[in-house]
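Read through the structures below before going on.
Two complexes follow with chain A in common, the first pairing it with chain B and the second with chain C.
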Partner chain A sequence: MPPRHRFFSPGRIGAIAGNTLLELVRQKVFYFLLIFALALIGCSFFMGFLRPELQFQVMKDVSLGAMSVFTWLLAVLATAMMLPKDIEDRTLYTILAKPVPRLEYLLGKLLGVLFMLAISLGVMAVLFAATLYIKEQTTIAAALGELRQAPPEQVAEVVRNVKAATFTWSLVPGIAIIYFKAALFASLTLLISTFASSWIFTIVISVAVYLIGHLVPIARTYLLETDGSWISKAFLTLLTLMFPDLQLFNLTDDIVAGNALPPGLFFQTAGMGCFYLAIYTCLAYLMFSKKEL
Partner chain B sequence: MPDPAISIQNLTKIYPIPFKRERLTAVDDLTLSVEPGQVYGLLGPNGSGKSTTMKILLGLVPATRGQTHIFGRDSSFVESREEVGYLPENPYFYKYLTGEETLHFYGKLCGLRGEPLRRRTRELLHLVGLEDAADRRLGGYSKGMLQRIGMAQALVQEPRLLVLDEPTAGVDPAGSRDIRDLILQFKTRGITVLLCSHLLGQVQEICDRVGILHKGKLVREGELEKLIAIENQTQLIFENASPELLARFEAEAAACGARLVEKSKPHATLERFFLEVTQ
Partner chain C sequence: MKRIAAVLALLLLFGAVKFPMEEALTRTHRTAYFHGAQLNLPLREQIGQGAFVAALSGFRGVIADLLTLKANDAWENTRWDRVVLFYDQITTLQPRVTLHWEMAAFYMAYDAAQASLNDPNQPRQTLRVKACREYQRLGRDFLERGIRNNPDRYVLYNRLGAILMNKIGDHEAAYEAYAKAAEFPDCMGYEKRFAAYELSKCPGKEAQAYALLAKLYSEGPREHTPTLLQRLKAMEDALKIPPEQRVYNPPGPPS
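This part shows the complex of A and B:
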């Protein structure tokens, strides 16, 4: 006699999430990270002509930007193929013919992608920190060589400045925000793929939302400050409600400049990311539960 | 009176055809019930609605009208899938998993864990004869091997009901005979089987009951023996009978008022011949 059916089973979701992660690993998704590593190394090589402080600035700016784009791209690409592939290969039939509710299937798939994103971003962050650390050590060594005659206070001052310019823990919340943005897009892409007719369509729509999302603040300013026709106002209101304001997730400029992210702002942005993630996941479930397979 | 293993009442499935006004009736007012322990063959030409009926039974596709139950539990509830194993037609599984990992995955979906899961996986790989291929990825499996891993996957939680959509499609005669033997073995263990296949010879060998679908309607249904027996004829097969003996039989039969309908030498079936040559 099998154990009684559980309405909601973390074990089943875990099995699906683990399987999704394994699929991504075996499809060599993580080779993507090599490109990031090469870009990072290339970037740190070709900046020799800049002042050291500026070098760190540019490196942080470029690396965080690349991390943001790479994680976003991974989120969209990995999620867009997931559902259509299972439906096309009929593997979905074999899964749903087991006592697996559709919600668990969807959550498992999403969690698998979220794990993969966390691992990717984690690896990128470690690579990033390691490059910064190496650069820090070489810069300090060079500075010490130059300042052999200088008083110890001045040497300490230089070392402190260099250290403050490199990897600091204030970068971590910025990296976390990159993750929330990518997670939001993973759930959005999943939602689109529940009704899209092909994965190309899914990717196109996801990219469109990415672009529109960056225009939301402009639309909002326009709404508040001008008096256009009611049609354009209604349209823009809908736009600002439906799409997340992605400009809010662009917090890295301040962080690169060395300012810590205020905790309030961090939690507000993270909360917004989770809010949209939850909304999109619920909508995806609503679409998927009615879907004819 | 126990619940029937499968009960289908007035099931209708209408598919809308996109961009057209017409609709396609895949299953038309189908009523059917399968008692526990039976092997039931669902037959019919291509497109007659066999696969559609199975998918509705498993809750994969919603019915337009009517109800389906598995052991008394409505198919629209997830719980109804606890005691059923399903092999879809032309199954594909995750190509990047090995045979063993595939069974682990489906086992976990059924709530199996740890040592019982590993034991069950070994048993099933042995049962379907894939022990040697257990750690190869399914991407490199042949059609027949996929069909077997599909069988194993359907059996993972020891279900009381098996729904098999063309289990022998694309399988070689030896594999096909193995699958037939497996089904007969399930029958002795009291497992109910709903099966659809175009190989009528095989269906005749293993099914207790058959139903024939045509354009979504059940046109004939009943116990196989009763449907196809020719009540007033009897077949005798002799070995080493001399022509004189046969002549005497014929004369005797004619004297008693019986008519000899056919006199022929039985052939070895092509299947038997094929199996002899390839063994």
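This part shows the complex of A and C:
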């Protein structure tokens, strides 16, 4: 007797996610890691004229900035092209002709992108940590050479300062928050792509949301703290309600500056990211469930 | 079309739910010293539209680094006015990076002050001294602003103490800065000592300084540095403490 068809199957979602990831790998999306590696090497070798603490500061700023841009770009580009490509290749019809609910198809596709983002960010984080470690060891070796005659306390102080300025575990929550921001964008782009007429339209709208999303806290402050005209108030209300507050996920600048992200605050921020992700995915399903293909 | 309208309506409903959550989370972030940069119109005019948009989009650190490279170039060419301008922008973008406040203060209070004191283009000594003091004041101002943005870190109090002690000569303010730095658990081992040294240089504060120095002396040989012993003796002499009551009694010259 054949197994009974289940309405919701994690196995089917997993299969679609695995295929999506494989497709993305075949599209050579990971080649961008070369650019990231070049940026890292460039930073570590061409900033030699600056004092070591500043070199580390620049390396961390540039690397985390590049991680943020690359994961966002990957999330938007990979998701924007997903549905149009499946329609163009007729893969979508083959899948949906089988007893695969549209929700499973969407979830599988989104999970595939999220896996790809996790792998990319993980590789970038490892490259980043390795480069910082090499730079740290070089700097410590140079300092020890210069401080041969210095008292042990002074040497220990220098080593402690160098280590504090390079890779610290406080950077990890910052990297995780970059992931949640990219995941939010993957689900938002998926939502846009369910009603967009072309992938270019999807990308343009996603970029616009990226720019506007960073202005949301300014709009909210203006809305709450000033007395403007009703038109401006209505416009700002619409803006703050419709767009996600992306500044909530911009914590790396301050984390690089030495701010610690307490676990409670990290989970609140990550939870907010998951909340956005869930809502945008539900809305994407609502759009996609009755879409004429 | 109906479906798009329904999605937009749900998006607005979701917006109404998320609005207070976002506001509350932003406030919590601020209490943990996140989002402290004031990205306003004067800054936009200074750094340009493109850099301002990049800073708003989460690349404040990268823009601040680019400006640091420009500031470094200005410093190499002794263009102190441009160094001040760049560091004003850098510290506005990255107020939580203490290194930027430190470097700005150092460039002003030490490098620019010394350069203006030896300025070959200014024949009048009075004006050279005036310029030197102005740069020292700028250095102090950078650190005081830095402390307002980083009240939870000892390092800027330490640097302020150093400038007040070495450059400005305001011993009472230097004592206050070092004493404040000494309150932090991760501070340098010498903060308390330096606070006591500075207090011992303030006229009328001898008794208080003596109490501090004596307390440090009682903590053991690690604190018995030559300067501490010298300041302790100076205070005992100034307060005319009888030899039998003195904390520190160095052996007299052999008779």
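Just so we're on the same page, the second predicted complex is superposed on the first by the 292 of 293 C-alpha atoms of A that agree within 3 Å, B and C clash if a C-alpha of one lies under 4 Å from a C-alpha of the other, contacts with A are read in each partner's own complex, and residues count from 1 in each chain.
Following the convention adopted for this analysis, a residue touches a chain if its C-beta (ideal position, glycine included) is under 8 Å from a C-beta of that chain, and two chains touch if they have at least 3 such contacts.
From a predicted model like this one, the values you see are computed outputs, not experimental measurements.
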| task | Determine, under the contact definition given at the top, whether A:G11 touches first (chain B), second (chain C), both, or neither. | result | first
| field | First (chain B), second (chain C), both or neither touched by A:L261 | value | second
| query | Of the partners chain B and chain C, which touch A:E292 in the superposed model: first, second, both, neither? | reply | first
| Which of chain B and chain C A:T168 touches, first, second, both or neither | neither
| field | Dominant contact partner of chain A by residue count, chain C or chain B | value | C
| query | Which residues of chain A touch chain C in the complex? | reply | 49-50, 53-54, 57-58, 60-62, 64-65, 68, 191, 195, 210-211, 214-217, 220, 224, 238, 240-242, 244-254, 256-262, 265, 268-269, 272, 275-276, 279, 283, 286-287, 290
| query | Once bound in the complex, which stretches of chain A touch chain B? | reply | 2-3, 5-6, 9, 11-12, 14-16, 19, 22-23, 26-27, 89-91, 93-101, 292-293
| query | Which part of chain B faces chain A closely enough to touch in the complex? | reply | 55, 58-62, 78-79, 81-86, 88, 90-94, 96-97, 101, 105-106, 108-111, 113, 150, 153, 157-158
| In their shared complex, at which residues does chain C touch chain A? | 3-4, 6-7, 10-12, 14-16, 18-19, 21-23, 25-26, 28-29, 32-37, 53, 56-62, 64-65, 68-69, 72, 94, 96-99, 103, 153
